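Two complexes follow with chain A in common, the first pairing it with chain B and the second with chain C.
== the complex of A and B ==
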């Protein structure tokens, strides 16, 4: 079962919750840090890096001898990654390329060749007790985050595990869509603030468009009744868990500790939560 | 004789220079041969997520300008303009007509490199 942990808003406790869910079930799951623009799970999991793979993308290279400077490739690029610089010919901005292949296809003289170019890397870590986790990292200055996320999700070392816990990037753009696509279940982590609600609505719209089953976890709850509860009741969205605002969690986080170290009783709850999701997904395949 | 381009939100020589290059609304052009001003739109990248500076640089080249007088120029636009041997001069937000005089009197500083960071990184 693939479970993606996501949220519209950043800083709601997505990674905090995803790590706790993983650590409570590390005997049967692998953790995938797909927040490739700022991966941070390795700061908390403290594993030993045993393997590093390069993620490559096909990026155009222009043969100036064959190029007739017609400019069709520049016009075809939707990502503004190409420019026609007079006599200097076509310039390629690798870091803006999304590897769509349009320029190579449209070039009438065959002057463009696709060349494998590194855009990121994947680290595979061993953890105490035999568990593993993967962390994707986009190269600084590059924009092709989805390519790195896809490579993490498809990495061969994830195959032996029953459950994949996918820590998604914040927001609801391409990176979010790539992270949650193909998941059996999405958990949206939010907080009871107007911003939390606003961005939760965007994330809900996203997962509903993708037709993925989902539920909500509310973090940093201060009062029994709050605006997320009201919204979820209206929309008939299930709240899986509410975590109370607790200064000790923030203090532990700042030292690189995890939620379970502050709330050890949560382990059993998260164990059951995963098993419940398993039953639910199994019942509605 | 070159064509000189000025990024601006306005349409003529009385308009003030727009300090933005990539997202400038228009380019006011001065043709040194005919001594006349004209304007071209630079709206192709209003909605672009990335590469607005590159597109603006392309627009400068497509209009045969060989001098750009701009408040700022980022690294990618600089690479395009430099490759095409467009000269870039930095200036303040003053009326274009005054900047043209400054340029003709050699008062503007020629750019040797980009003066801003890319907006992507």
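== the complex of A and C ==
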């Protein structure tokens, strides 16, 4: 079973919750940090890195000696990743390249070559007690976050595990889609503020477009009747869990600690939560 | 001759949830003449803090996607083998493009021997222009799950700059997206300076280093604001050290404060909702420092 933890808005406690869910069930799951622009799980899990793989993409390189400056490649690029710079010839902006291959295919002189270029890396960590987790990391200056996310999700070391807990990036753009696609269930973490509600609605629209089953976890709850509850009731969305606002949690987080250290009783709840999801997913595959 | 080019301040954070948008809205009230841009197009929240009068809404097409005209297709399979995004699949005895996977690179369209493709504009969302007490706000709504978020960020920034030139205002303030990927790169391209909002946590520090690194990669100058500073006071020194390494400047701190949420619930910025609070006084001082940081 693959469970993606997402949130429209950043900073709602998505990673904190994902880590707690994983730690409560680490005997049967692997954790995938797919928030590759800002991966944070390793700061809290403190595992031992045992393997590091490079994620590469084919990015074009122009051989100035063969280029006749016809400009066809620049025209063919839909992502503005190429520019004609007068005498300097064709410039490639790596950070904009989607690695589609259009320019290489179109070049009449064979001046463009696709070169394997590192755009990110995947670290595999061992944890105390035998669990593992994977962390994807986009290289600074590149925009190929979806490619790195794909590589984490398809990494061979995830295969032995029946349960994947996928920490997804915030927002609802391509990185979010890549991360949650193929999940059996999506948990959206939010907080009872106007920003939290607004961004939750966007995330709901995103998972509904992808036709994925989902439910909500509300973090930093301060009063019983809050705006997320109202919205979820209207839309008939299930709230799996509510976590109260607690300065101790904020302080523990700031020291690199995890939720279960402050709220040990949560472990059993999260155990049940995963089993419930299992039944639910198993019931409607 | 360049005097009428407005300066562009882009507020970024790396990590989400550091208070970036609340701070952007508050700082805005200290600059009398400016245009505001919400560059966080897939979680645009800035408009929730203002009383808006929407003056313009337009569809946004960031690119196109491919569709196969079945009558013309001879099933040669070239498109499937050329598409690097596995967006073309053979299903029920025909080749089809899966819209969700199509990146709009046009390779299939240009290389199909039968010209069996339609090239359809891809509606990625809308962009809007609104009037607020603080001047024009340019904002957008990416359709959840849509491509081209980076291009939409660039688009709202361009409109913002155009308005600033028309209105002869010296400043554009952009509320940027989290992260360091496509939308973040689009947001900081062309900025006069970056204001980074961080928090004293392991994630805050880790993500700050990545966005400082990205700014250095594009040779942009940055200043850093530490929010919620009192949650863990020992981080200030760590953050200062990183700032020094990257040759950025430290612009001040704000305390952990409930009024961020209180003001949000009122649909106002902190400075509007609580003008006499100590947070507002700090923010006023920070606005002054931003002014000299940008050389306004």
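Everything that follows uses one rule, which is that the second predicted complex is superposed on the first by the 284 of 285 C-alpha atoms of A that agree within 3 Å, B and C clash if a C-alpha of one lies under 4 Å from a C-alpha of the other, contacts with A are read in each partner's own complex, and residues count from 1 in each chain.
The rule is simple: a contact is a pair of C-beta atoms (placed from the backbone, for glycine too) under 8 Å apart; a residue touches a chain by one contact, two chains touch by 3 or more.
Please read all numbers here as calculations on a predicted model, not as lab measurements.
Applying the stated contact rule after C-alpha superposition, one finds that A:161 touches neither chain B nor chain C. In the overlay built on the shared chain, the residue A:143 is in contact with chain B and with chain C. In the superposed model, A:203 makes contact with chain C only, not with chain B.
When the two structures are aligned on the shared chain, A:95 is found in touch with chain B and with chain C. When the two complexes are superposed, the chain touching more residues of chain A, out of chain B and chain C, is C.
Once the two complexes are laid over each other on the shared chain, residue contacts for A:170 go to chain C alone; chain B is not touched.
Comparing the two complexes, residues 79, 95-96, 140-141, 143 of chain A contact chain B in one case and chain C in the other. For chain A in complex with chain C, the touching residues are 8-12, 15, 36-38, 40, 43-44, 58, 76, 78-79, 95-96, 98-102, 105-106, 138, 140-145, 169-177, 181, 193-195, 198-199, 202-203, 205-206, 209-210, 250-251, 253-256. Those residues of chain A that touch chain B in the shared complex are 74, 79-81, 83-88, 91, 93, 95-96, 140-141, 143. Chain B contributes residues 45, 48-52, 54-55, 57-58, 61, 76, 79-81, 83-85, 118, 120-121 to its touches with chain A in the complex. Within the complex, the chain C residues that touch chain A are 13-18, 21, 41-43, 45, 48, 63-64, 82, 84-85, 100, 103-107, 110-111, 142-147, 149-150, 177-185, 199-203, 206-207, 210, 213-214, 217-218, 231-232, 235, 256, 261, 264-265, 267.
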